[in-house]
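Letters are used for the chains, namely A, B, C and D, taken in the order the chains are written, and counting of residues starts over at 1 for each.
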Amino acid sequence: MNEWSPPQPKLDLQAALTASLRDVSAYQGQGSLPSYIPALSQVSPNKLGAAIALGDGGAFVAGDGDEPFSIQSISNVFTLSLALQHLGAALFNRVGKEASGSATNSIVQLELEKGKPRNPLINSGALVVDDQLIGGDSGDVAIDELLQFLRERSGEEGIAIDEKVAISESQAGSLNRSLAHYIAAFGNLSHPVEEVVSVYFRQCAIAMTCRQLARAALYLAFDGIDPITGDQVILPNRCRRILALMMTCGHYDNSGDFAFRIGLPGKSGVGGGILVVVPNVGAAAVWSPGLNASGTSLAGTMLLEKLVERTGWSVFG
Amino acid sequence: MNEWSPPQPKLDLQAALTASLRDVSAYQGQGSLPSYIPALSQVSPNKLGAAIALGDGGAFVAGDGDEPFSIQSISNVFTLSLALQHLGAALFNRVGKEASGSATNSIVQLELEKGKPRNPLINSGALVVDDQLIGGDSGDVAIDELLQFLRERSGEEGIAIDEKVAISESQAGSLNRSLAHYIAAFGNLSHPVEEVVSVYFRQCAIAMTCRQLARAALYLAFDGIDPITGDQVILPNRCRRILALMMTCGHYDNSGDFAFRIGLPGKSGVGGGILVVVPNVGAAAVWSPGLNASGTSLAGTMLLEKLVERTGWSVFG
Amino acid sequence: MNEWSPPQPKLDLQAALTASLRDVSAYQGQGSLPSYIPALSQVSPNKLGAAIALGDGGAFVAGDGDEPFSIQSISNVFTLSLALQHLGAALFNRVGKEASGSATNSIVQLELEKGKPRNPLINSGALVVDDQLIGGDSGDVAIDELLQFLRERSGEEGIAIDEKVAISESQAGSLNRSLAHYIAAFGNLSHPVEEVVSVYFRQCAIAMTCRQLARAALYLAFDGIDPITGDQVILPNRCRRILALMMTCGHYDNSGDFAFRIGLPGKSGVGGGILVVVPNVGAAAVWSPGLNASGTSLAGTMLLEKLVERTGWSVFG
Amino acid sequence: MNEWSPPQPKLDLQAALTASLRDVSAYQGQGSLPSYIPALSQVSPNKLGAAIALGDGGAFVAGDGDEPFSIQSISNVFTLSLALQHLGAALFNRVGKEASGSATNSIVQLELEKGKPRNPLINSGALVVDDQLIGGDSGDVAIDELLQFLRERSGEEGIAIDEKVAISESQAGSLNRSLAHYIAAFGNLSHPVEEVVSVYFRQCAIAMTCRQLARAALYLAFDGIDPITGDQVILPNRCRRILALMMTCGHYDNSGDFAFRIGLPGKSGVGGGILVVVPNVGAAAVWSPGLNASGTSLAGTMLLEKLVERTGWSVFG
């Protein structure tokens, strides 16, 4: 019926990735590191890596794309997947679906909305997701479930928490503790604050490479089915909803700008990583530690912009 | 490369549209009419219409899809297209790209951001777009340009302003005047407030049918090219950006929920209309006057949800 | 019963006033002029004047205390007195009594409180007071009533509007128009916006000297009775309430700091004037055009601080 | 110089107090108890007491004025006195002096002002005061200093913490913990959150009678000198500043209304107590557990209003 034209079949993705990385190399080292987490601020700002994973198993890597980095709140996408598996739509009784219109750690909106975070991808929402993920178990069980999930999805048994980063997160965790206590004050937290934030600090401290991250996210590009293993990871309907949330709320207070420039559902982390999903095609991950004013990787965003120009992967045509 | 499966080639769109309309008929008359615009509150709440326009010229209509209604702020999509044609990216020096995180007519964000509206699809942003559209001409010229554009894009010479609605808008226009004066206080308005709001009141009062609206928006589905006439209406890059803004900011304070449920770039109007764009496929418009708490058509949203379930048109897979 | 010790009977007020003015002369010219009102920004920043009026008719003047200046929102105290005379406590159905916690021209609070200004001494509240003062008459009648009131209370027939300033206010009046339209949107304005703001622009443009201002305010120090003429200007109960509002809300976003440093009910204007009332004693006015970051006269505040140290006039002991 | 007329010398204060209490007896039991602190919600809502302490040692008590109740945040006045003794004006580097324009436990303002509470009498500000009061010691030392201070000032050795209430406060303390972590996130807290909040929970749980409270606050009415013992408790200048803060910020989001109706510096607690200071005369305390919508004792405020009408004690004449 419609005259859909597929992506150029002859497109050389390795070349496209390498060229896009080269395009932005002048921006390596620009932007700022998150000084409030000492362990993150010690990473070399000159790192620059990228990787693509396709549904047919194809993988393309450039620059430092095989070096592990702290995935930070990119992990929210995976805890959200797990919590949706457990709870379904009931999850959204306790967390909204709208962009916050403010910084990821803003507490203002939380006051106006009486302890119900605006969406599951900002800090406050991720804490409510973690609280639900813990469920009848402990925080340790929840974090193990997450690690196991990431190992299975990426096929890499070595994925682990960087304990030094986790400790640093906890020591610098005043704002997240404040958010959690605030949510608790409105009765929207079932477990003790320290148990919930300790899950959050550890999930943020998970170290993965761009290659691993792109591979792990493939299920999000194929209606919830891991195209390599054939596992139905989450239901199709829920998969689309996670992508919608990534598109509208995945990058703090510059989610709109990201959609505007890249046109793909994605999630940024203050470790400098960005994950994007290309529906029906695959996933990509980039890493460059320097952040823009909103906390998203500066060179990483530019690299993705170049890549999307070359591949035509924007969902907007 | 990727194993993309196209939409069902045999899908009977007329049947899908009719069935989707029937699915939600129980919700006809539910929701509330916008009491602050008397002319709108007199419309029969039981109206329910829908239409689809495809790139090959195919058109499908159901219910009241051939009855004109007030397009209201759906018009913002077209003034944005025109202003981008005139000004390009410079437009975004004076208006942002982020979801507002609050109601369409909120003035709070405007104070925090010193008179620069969050995005061009909320009231305040649309006023700044209109100000730029007027440019060196008058408000009358700007509104004529818009009418001419809509007539060309829809192929219907009869498209006109409902003067009774325009007068009603102006009489009830305190909030929009407040926003415009506020923007002017920060030096972000080039023309007198009354000239700018008079363009806005008139563009909101344009009457169109679902069939006309879907047809007029086809250029947005095909990288800025009207697939029927072949006209390059706007550049591809700008077209994608309009769609990104529609996805993240098109439905007031329930833009996230709309993306979550429908998965298509769209724009709602308080007249009960909703326009959605299906990249590389076409456009659809629905109309049902009863609004949900955020000002989006209640039955209209449900109808689109059913239609997307049947067609698999979500950009998220 | 209580061992009240009266202010030093031998206190030489002229000497105290002159010395206080001399104390702060180093600060003459510091601070900033309100650039958004051109006519005000042309005043010499080196002006510095002060005056005291006592209940027994005593008057003390120093520096430029006999030179007229633009009283700006100090006028809100007088329109509030007149509106309370007309309407009594019903006035407070449409305007609150709490400090706003933000700048005088903030519109945020107005959104949260649905068009009901926080108090009658900030811009938005003064507009609602003006609207009530107009009542069944016109804006011209209201402004005449105010002028007549000030002439009677000061015994100076020459008090008048500085038309050049009034025009400048109106030309720069976007923010006040925005506030007025916003209030109107919530149905909290009975007259057209232009009629209400034109009263406000003119009351702000009234020119008075420190001597006249202190004299005119004497009724506020004596339970509503003008101690010179014996006129009951307002009821005692209402007089105390005006003073309470001046104490808690009289100086924009530094009302608390003013109470902290001066300890007297007062009202600042962006023309650089400050009026304070000393219950059971008299009133004082100062003028120095340079403003602090919150819009209150910088040297004027310091002068009052020095004067209160010398006189022991703080209501807090 | 000025013709000051002293309060009626023959005024029978006992009669005035008893009559004022009788006037409001119809309102006993009205208002609501603070359900979020279980121990407070179990107090009988019908309690109604009042007491006056004069500089000459005179004391007047009515109703339940000799029954201990939880003073809650009235204690902020005393910790502020102690911290000012220790630190002087440096205290205000870390806490402001302005009314918050919102509820006592609002976190919004804290975000806008980057962790610096608006004033020392709201929850967030009291936490910063406690942090400074702890100084180089421990929280236990700080709370002992406060208890010792209250025992000395009231001459009652039995004043103590109600441990049941303290535990209840801590268990219900999510919001205060959130505020403290938030302040800590901006580097404005020197001690661990749990140490600071444990001081706050205990100071709020101190039980005192109206008689004790009025007596303890006498130093605030006499320029910092306890008129019974002659002790210079705090410097005169600091005393006046505490009274200014009580006038502008002493009653959450109804501080303006309280100044408007009562005209005296005061402080409310959610235990239903209110303390007011009459400069150069004495102090009064009332207690009635039912609270108005802003958290101030409903019948207590009315009782004070009646008392001030009879005594003419308003600082505004």
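In this section, a residue touches a chain if its C-beta (ideal position, glycine included) is under 8 Å from a C-beta of that chain, and two chains touch if they have at least 3 such contacts.
Keep in mind the model is a prediction, meaning the values are calculated, not measured.
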item: Most remote chain, CA-based centroid, reference being chain B; value: D
item: Inter-chain centre distance, chain A versus chain B - centres from mean C-alpha coordinates, in Å; value: 31
item: Cα-centroid distance, chain A relative to chain D, in whole angstrom; value: 48
item: Computed distance of Cα centres, chain C from chain A, in Å; value: 55
item: Residues of chain B engaged with two or more neighbouring chains; value: none
item: Pairwise chain contacts under the document criterion; value: A-B, A-D, B-C, C-D
item: Of chain D, residues touching chain A in the complex; value: 106-108, 110-112, 174-175, 177-182, 184-185, 193
item: Contact footprint of chain A on chain B as seen in their complex; value: 1-7, 9, 11, 13, 54-56, 58, 96-102, 109, 118-119, 221-223, 236, 239-241, 243-245, 247-249, 253-257, 259-260, 263, 265, 279-282, 314-317
